[in-house]
Structure formats: C-alpha cells, structure tokens
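Chain lettering (A, B, C and D) follows the sequence in which the chains are written, and residue indices restart at 1 in each chain.
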C-alpha cells in the first residue's frame, strides 16, 4: 500500500517536472556546473523580483532573459508568491546553497533582505540590487532605474503641473507595510512641503495590490472629498483601478489620475483622457542592464570605482558612486504611450 | 422577536452606522458613488449567498477567492477570444460549477473535511493560476463592460441581478423542499439520510452551487471594468465568511437565513467607505473589522 | 406463507469481520404486534436498519405483501409504508416540530413549494391525536427527550405506515405517556397495521405483543405466541441459559451516614429542597417519573449544574461542589444516564477510559504511566468480566453492557465514597444486567454509599435498601426495601398509597 | 471478534508512515534533480526557514486535537514582533526583558481567544477569525503600518542568523518546543485530556476533567509560542514590521493536517506534525534547488494535502468495496 502510494506520487512528480521542464519558457533548461566564476565559463545569475505574478517584473524578466542568452549565462528568475515578507530571504538562502554566481535582487524589505545578501557575499557570491536597494554594504552595485527621490519628485512635480497650486490629492498605495511605497511617499511629501506647500494630501489608502480594491477605495475617496483634484496611484494595479473609478464617477478629466504603472495596462485610460500620465522607466531595459551588470561583476569586469559601464546593445551607462543609472523615469502620455509594449 | 435577535441586532448596528454617516458625512449618500459601491458589493453578495448555503449545510469553502480568480481569468480570456457574451457567461458559470464540483466530490464522495479540502484547493488554484498567467491583466474587448449597456444601467443590472438572486435563494431556502433539505442535512446528516434525504448528494450540489455562483460573481466583477486582474478575489473567502457569520448563520450548520447574511454583508461592505468618510485612518480598518466579528459572536454568546 | 405483510428470508449482513446477521428470517402479519427480543449485539438493530433501508443486506430476500422489494433505501422503505421510531429520536435539532414532521412525511419533489400552513396544521393534528401538548413551532432542541419521542410517534402515525417499528420507545417515557403509547399501538393494530416492538422490559411485551421472536448472536432462535410463554422462558431463550436470581440480596447492614443533602436546591435543574441521607453500604433507590428531577438532582450533586442553595455533607463535613472536578476530588462518582455520550469516550481505548477520572492521583506529575495503566485495566477486565479483545480496544468495539462496565470501572478506580448511578442498566441486555447488579451490590457490601436512579421498577425494588421517591423536583416519600411496585408507583404519581 | 490488525501492519499503514515515505521520496527526488540540495548547509537552511512555522504548527497540534482551530497565530506573530520592537527601541528595555514582555503579550492574546471560546462557549473558527483581523489590525494601528524596527544588536541577531555548535542557533529553541509538545501530547495527562475533549467534550466533563481549563490552556500556549516565533522571526530577518507572519496560520494548519491530525479533533500526533512541517519545508526548498518556479511548491503542497487525506480514507473504502464484492459472491453461491 505505502509502496504503491509513494511510487505513484514519485512517478506523478517526475512526470510533472519533466512536463514543465519542456513547457516552461522560464530559463530552467538543464543543469550546469555552478560555483565557478572564471571568465568565459557559463554563469548562473539569479534574479529576484519583489513578488511573482506582477507584470512589472515579468517585463524585467523578458529583458533579463534577452541579456542572459546574449551572454550565454543561465538565468534563474524566482520570487515570493505570497505576502510573506520572509520569503525573499528564504529564496536567497536557497540560492546560496544552490551555488549561483551572482544574485540580483529587488528588495521588498531593505533591512530584512540585507542579512541574507550579506551572507551570500560572504560565500563569494556577487550581489547587486535593482529596482529597490538594500543596505549599501550588502551589495556591490545598485542598478538604479530611478531613485526613490527621483520617483517621488517626478510624481509630485507631475501632479503639481496638472493641478492648481492649492489642489487636494489622495494616494493609493499597495499596502501600508510595503517598504518602497513608504519611501516614495516620504519623498512625495518632501517635495510637496518644499515646492508646493499649498497642495494638500488628504488620504492614503491601501489597495492590497488589487485592482478591484483600488477601484472601490477610489470611489469612496471621490465621494468623501468632492474637491479632490488628483489621485496618485503608486502601485501598478492601482493606476487602472483608480482610473476606472474616476471614469465611473463621471469625473474623467476633472479628477486627474497619475501613477506608476505599465503602459499596456493603462493605454486605454490614457487615450480616454482619464489617466493623464503614467510614470515608469523601461522595465525591459532594467532587466537587461541588471543581468549585464551582474555578469560583469561576477566575471570581475566591473569593479567598484568604475564610472561607466557598457551593456550590450543598450550602450554605455553612467555610474555614480555605486549606482548604475538607467536614466530618468519616463513619463508616458497620450502622445507617446503607443510606442511601448510592455 | 427572540428568534430573529441576531438579524435585528445586526440591522441595528447597520442603522447606527448609516445614521452616523448621515450626520457626520452626508456626502456618503451621493447617488453615484453609492451605486458604484452597491454594484461592487453585489459581487460579494452573490458569493455570500452561496457561502451561506455551504455553511448552513455544515461545511465551509475557503477556496472561493481562488475559484473567483480562475473564473475571472477564464471569462476574460473567453471574452477576449470574442465569444458572444451569453456564451462567456454560461461557460464561466459552468467552469465555476466544475471547480465547485471538484471540492464537492472530495468532501461528499470521499468524506474528507471540507475546511482542509478547500484549504488545499485554495492554494493549488491560486498558485497554479499565477504560474500560468504570471499576473498579467486580461484586456477585454469593447462591448463587454456593462454588458454593452451604459454605465448606469449596467450598474443597476448588477445590483438588481444580485438582489434577484438573493430573493430567489432566500425564497428557495424558506419555501422550497430543496432549501429545507439543505437545512436538514446541516442540522443532522444521519437523520436526513433516515428521512430519505441524500446528504452526500445535497452537500455535493451545494458545492456545485457555490461554484456556479462564484462563476457568476466573476462575470459580475469582470463587466465592471475593461480589464481582469488575475489577483482578484484574494481574501474574498474571509470577507464572505465573516459576512455570513455576522449575519447569524451558525457555523455548526442548520441555522440562519439569507436576510441576515444580506444585512451582515451590508454592514461589512459599508465599514470600509465609512472609515474614509469619517476620516478614520486606514490602518484601523482591520482592527475594526475584527471587533465587528467578535462583537457579533459575543452578543450571540451572551444571549445564550 | 401467504398473508404475511412483511417477510424476511435468510438475511445476512456483515460489518468487517463481524457477522451481525447470519441468515435471519422473520415475518410480520397485518394487525399484529410482533415483539423482537434479544441481548444487545444480538442483531436487532441491524435487522431494523435493514428493514428501514438504512443498511443494505449482503444477501437474503425482503418481501412486502408477497412481492420482492429489491434494494431498499430509506426513501423507498418509507414509500412502502415502513416507519421506525428509534431509541434516540432521529430528529433535526435546529428545525421546528412542524418541519420535522413535514420532512419526514412529505414525498414532495425537490422543487415543490413548502406549504407552511399545511405543515403546521398537520403537525398540530398529529400531535393532538396522541394527546401531546407540544407547539408545532417549537424547535426540537428546546424539547425534552420524551417530548421528542412523542414527535417521533406522531411522525410515524402521520406517515400512515402499515409497518411500524418501535425501538425501545418507552425507555424515556413517563408512565402516562407509556399508557398512551400502548393505547395508540392497540388502536393501530385494530386498523391492520403490523408492528415490530423492541423492548428490554419484558412486562411490556406481555402486555402488548401477540408474537415474539428472539434473536441471539445474529440468529433467530424462534418465534412463539406470547400467551404460550413466560418471563423465565423468554430470558432463557435470550441468554441461552437460566438466570436464576436476578437481583442479588443485600448481605450487610448499612453503617454510618456517609452522604447527606439538606434542603438541597438547584433552580436551573428544577430541583428544590431535597433532603436525603445515604449510609455506608446502603443502596438508596431513587424512583420517580421521568421529569421528576432525578437526573437533575444527580447532575447537581456532581456539579454539572451546581446547586444554588442547601448543604451537602460528606462524613458530616460540609462540602462545596461547583464542578465535576470538585465532585471527583471529594470522592463522589457519577455514572451518567447517556452512556455513549457521557459515560465512556467511545473512540478511546478501554484502559484510557478507566483512568480518565483519576489522572491526578494515578499519574503523579502528570506523567502517563502506560504499564501501570494497562495493569489496572487488565485487573478490571478480569474482575468485572468485561468482554473485550484487550485494554487497547476502543470502547466503541464493546457491547452496551460491557461499555457500562467500563464506565463503572472508571469510577471504581477512583475509589469514591459515594456512587451515584443513573439508569445503570438502561439498554443493557439481560445477561449483563444481572452482572452489573451483582457488581453494584458487592460495592455496597464493601462500604460504598450508593444512590441509584432507575425507571425500571423491578430493578429499584429488587436492588434498593431504601427507596426515595421523587416528584416535581423534590423527594416526596421514603419507602422501605421490598415495597410493592404499586406503592412506589402511587408515590411517584402523587397518590396516597393504599393503607397509608 | 478481534478485528484489530497485527501491530506491524498498523504501524506500516499509519498515516505518519506514509508521510515519512513521502518525505524520504521527496528528499531523494530533489537530491537527484536539484543542485546542491542534499548538502549540510541546505539542511541547516531548511531547518532555519521552517522554524517559525514549525513552532506554530507544534502549538496548533493540541488546539486541533481538542477539536478547535486557531487562525490568529500568524497575526499574533505580527503583533508580537512589532511589540517586541517597541519594547526594545521605544521603551528602552534590554532584549531579555523585551522578550519576556512579548511572551506575556502572547499569553494575554492567547488568553483573549481562550476566554471567548471557553467562557462564552463560542466557535473557535469564528473567534479566531475575529482576532485574526484584530491582532493584525492592532499591529498596523500601532505602527501605522509604516514603523519598522531594525538595528537590533548582533548578539540578538545571532539567534536567527548564525550557527551554534554547527546547527542553526534557533534550532535548540525549536527542539525544546518539540520535546515539550511531544511530552505534552503523548506523555502527559494533558494530551490525554485533549484527545478526550476532541472526541467528546461533554463526556470528558463527566469524567471530572476541567474541559474549559484544558482547552483554554491550548490557546494560551499557542499565544506564547506565537510570541516565541515572533522573536525568532525578528532575529532571522533583523527587522520587525506589522506584516510579519502574514499567512503563517494557513501553513501551520496545513502542516498539522498533513501530519495526520484530524481537523475534527481526537486523532493526531506531534510526530506527524513534525513530518508535515518537514514535508512542506523540503518541498519549498527543493523546488528552488530544482530551478522550478515557486508557484510549484504551493501547488504541490495543495496536491499533497489532498493525496494524503485520500490515502488515509482509501484503506477504509477498499475494504468496504471488498466486503461488498465478497458478499455478492456469497449471494451468488447461495442462489
């Protein structure tokens, strides 16, 4: 009985895995020798998103995959599938024993993940961060797509440009506890206090990274604050959610919507004039650059102190201190949004 | 009166909340946002009706959120393939029923505890969907949102649709043999069997029923926006179970009615917007919801 | 064999390795009351469940009116006019009386409308028919056990059943209700209904039944006309041996007063102003009608519904009991009425059941001592001659009588000073019954003060050294041992006994 | 009449044995296809990662044995984590003192669950659903969701991140808890009472066992253990925030049920829970080492749970089928 059961289970598992090895487009073909970081060898680079099932990181992954195949490296892309903040650490620690050559992490919890990244460094694994930084001593470089300050200021400046100098606005965040959201809010507030002191932020509502909840929260905000002039959604499902709510309230154009999001999810609203601007960088380039940088660091081609870095077909990027700069955040508007597909 | 203590006390709490809003935040009552709120709530209401049946039958289904996400994505993909809307609706309800039937089969057929079975399917469907779809939104073609009607009539359609389902199901639970069989099975399955009511079949059908209702709710949610979020429905099970319990349905089966569930859901649905309108910080929301659930059960406990 | 309403031929049924029925044949004529007798585990319940379609037989034939019924389900059985009144009322606790009756009687299809008015009227009529004063609106869970039993009977009558099975229907009925039930049964017989009547109370069978079939170990021992039989013969058929002295005689003189109650009241249980002394080595029988407050008194003594006024004295010392734990600590033991729910824990091994009440004393420092526990259990299994496969066998694998012995063993292990027994032999077969009687008597002989509640009059009279009679929550009279049955009954009913 | 199977067959068919086989199979499988899976380092990591959920699962076992459930442990972990941070940073308590206060909070919160459930006789599922929201909500309200506690002294972080005598430093805590719960459930009268309560709460009361007190104790223990897990969690991550332990209650319940404990109470073992925790932890680590997407771990956990439950009812169903077959054969012979 037990033998039958276990062999059945094993057989099912083998079939399952061999099946997904074939079908899965994710970069997991075959095993290779690990732990060896001499130039010319095939490297294993692990890319850690903040969470899986997020379109933002999927497009990063696309760029990263492109870079990995150009470089002939193996790319592992994996991350937490639920809201457990300890999951990132667990995955990194698994990669350490797995024996990857380089880890590129987008950090959900700055302090929390740093302990795991430091441990990786102590085991000789090269660590860089992208999208959201860790503590500086836990990585070699940070691929900086835009500093939190840059994002916060860009959002606030955009908002001020769209509204009167004494307008009220509200923020939709992913969750009250998400670290990057808190950081952006900090700089939004800083910019507001410094440059637009008459504008007023009336509420911050979390949407749990759900479009539907962003929609219902925005609906309530709109009726609570009739003189609300702008909604700023700083998580990607929040932007279309807020836009839909504004549209349903019949306040399109009257209440502006801006936010951080992917062009594809927002094209429709931008064209309808519900959403005025979506701010983002080219996420595919971010993934591409990150993998190139990780590869170079692991091969010793990129060292602290360098001031520029050439990443394949994207050309040369500036390095400021230990930050590799992707460029300024990009503002997608009605005019240019159709040129992008991610 | 005593018999309906729970329904009345929840109605009382709701009335208090609505009164407070009327005094301190009359803007809550502006018609358009209220209609949007109602259209939104109608989705949860349909699922709550199904959950009430499941709990009355002395089972529980915590996989509704995941089933909801799967149904939403399936519906979105079918609509994106330009199936006619009626076919999309029918297919989604069918898909929901099949997923519900899977739970029901394991619970009724193999006699496994429903809380564990649906815990397992909750995880499996959710992660499987994420694996297959990687969190991508599904963009819907024109003519799907609001069933191709205007926004206002679309919203009214949803609200009225949900109320019709509520009334029909409430009537069924009270006045049709089918409904009374569910109460009977939830009250005592063995006695039901002796009285010639098939408890396993009843439980199976109740799970199929909640699956179908989740499918319908997925459609009702889908038509409210031009995109489908594959994460939708996360946490729905807790909200719906809380509404059902606050509404006076006993977790031990056989007791409670859909009117109570309706009032319970309204109370919970109004709390979120009410916090915004009353200018209470968002970080109190979870604590307040917890207190409402606890108060509801404590009131019941003290009465006994 | 024409003219038979119901005919079972060579029916067999096994559960796992246990053969519950080994080819039983049984017949029932229209207009007769056919008693079914047998010790617990003889196969009566299985036979009934096969007739009502709750179990499927492994082989054999069932005919009704000479026609083979094929496979029976509860629904088909009901449609064929078979109704059963179970020992434990099979009712929905959360639903109203009217609905319970309605669900049982309606043959409606799933999508038909429920006519609540008709249901209420039907319930009202049926309940009135049997003289029960129960509101059709009442929830079953708010009713007492006998009331629920009456609802069951109303259900069966309402179904217009041609075959009515009564499985120990009088076990929890009052005398008045029992008489009413008998009247109804006789009336049904007149109308041509066939009844199968199961009871452990032999005198009921002689009062009521026309024929009697005895089952033993899954086999039919024979069917006889009741007027050709007597009690001794029946008992011999049932147990397969002579049961000479049913009640062991008292051999000792009671000692000092061990336990007394003074103006003892418990409002919640409806017990008021009870005063009572029990002496060492004495068995005090507590007689009375169902609902007189006997079980409630026991529960108040044991602290399940603690008393709210009056005194309880143990060896002259005043004691306070607020919970069963206190009672156990003071040396008071209670063998409850509902053995399967309260007396033993069915799923747990015999040994663990036996040490359940002595955790603190038997397992110092809360450490379990498996070896000692096993030895204790083996000792009791031997001393009380419990039929079990071993100390690790779950209590559910035992027959009712042996379960009751396990429940007794649990309290004997606790070495109590006072033992309260509530219906110690209800639903226990004749063989085990006399063994339990012997055990109780020997306990008393060893100096235990015993308070025994029983609705079985011969038992009360046969066992007790004194008989306390309760009525409406208090003790109304104290009768000496070997009182006449009618004296006790009269006291219980509140009539002046003859000659007093 | 003796229908009991021989002892060896019972042991072999026991749920726990099947699970052990599955666990070994998992290990062999991932060791074969995964990179550096079966190394000592990875074993330590698995132990480290499953410590908090393991602790919660251990504490959940007595709760489920009594027929209850505690959905609030994950939220309580979050509340305790931030309170621990608050005691240390804002109340300037030394670490041991802060930890002691945190344990007291855990006990108190467990006591809230316990008193609602036992004194008012309310269903545990609903009570803990309420406190699930309440505890998490309090954590968010106290920190406004934003406040994060970091920069703990390295002597404290040692507990979560370093090795002590070659094993992860938190392992002794887990092993201590394991021994305690093993004793509690299998070798003490408490465990005996939990089972009895799980089978028949009323019947247990009639045996003079204080049912309310025993049940209350399981919830208080769950609260205390949640607080211990919160401290270890904080040490492992080096930070405490209101979202700590999100969703851990479901992992813990899954592990307990996977370990063969009946959700209805009465049946179950600490040994099974240990295997359940291990099976899930090995699966999660193995998936990463086999370079498969993490979603697979969740899906396989769900599938494993259903399979395990099915396997536990299968023997019963097969014997029932066999019986029916042999009965049919008998019937045929008779005619």
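Keep this in mind: a residue touches a chain if its C-beta (ideal position, glycine included) is under 8 Å from a C-beta of that chain, and two chains touch if they have at least 3 such contacts.
Every value quoted in this text rests on a predicted model; they were computed, and no experiment measured them.
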Ask   = How short can a path of touching chains from chain B to chain C be, counted in steps?
value = 1
Central chain (by mean CA position) = D
Key: Result of counting contacting C-beta pairs for A-D and A-B, higher pair   = A-D
Query = Where the CA atoms of chain A average out and where those of chain D average out, how many Å apart are those spots?
reply = 33
Ask   = Distance-wise, how many Å sit between the C-alpha centres of chain A and chain C, to the nearest whole number?
value = 71
Request  = Find the geometric centre of each of chain B and chain D from their Cα atoms only, then give the gap between the two centres in Å, rounded to an integer.
outcome  = 29
Set of chain B residues in contact with two or more other chains = 127, 130, 282-283
Note = Where chain D touches two or more other chains at once, the residues are 140, 144-145, 293, 295-298
Key: chain C residues counted as touching two or more neighbouring chains   = none
Query = What are all the chain pairs that meet the touch criterion?
reply = A-B, A-D, B-C, B-D, C-D
Residues of chain A defined as touching chain B within the complex = 52-55, 58, 81, 176, 203-206, 208-212, 215-217, 219-224, 226, 237, 240-241, 244-245, 248-250, 264-265, 268
Inquiry  = Residue numbers of chain A touching chain D in their complex, please.
reply    = 1-3, 5-6, 9-10, 13-14, 16-17, 20, 24, 26, 28, 31, 34, 52-53, 76, 78-86, 89-91, 93-99, 109, 111-112, 114-115, 119, 175-177, 179, 182, 206
Task = Spell out the part of chain D that touches chain C in their complex, as residue ranges.
result = 1-4, 186-190, 192-193, 195-196, 199-200, 202-210, 266-267, 319, 323, 327, 330-331, 334
Request  = Using the touch rule from the top, collect the residues of chain D that touch chain A in their complex.
outcome  = 12-13, 17-18, 21-22, 25, 29, 33-37, 39, 41-42, 45, 48-49, 52, 140, 144-146, 148, 150-151, 157, 161, 233, 236-239, 241-248, 284-285, 288-298, 300, 304, 307, 311, 315
Key: chain A contact footprint on chain B (complex, rising order)   = 25, 27-28, 30, 32-34, 36-37, 40, 127, 130, 133-137, 139, 151, 155, 221, 224-227, 229-232, 234-235, 272-273, 276-277, 279, 282-283
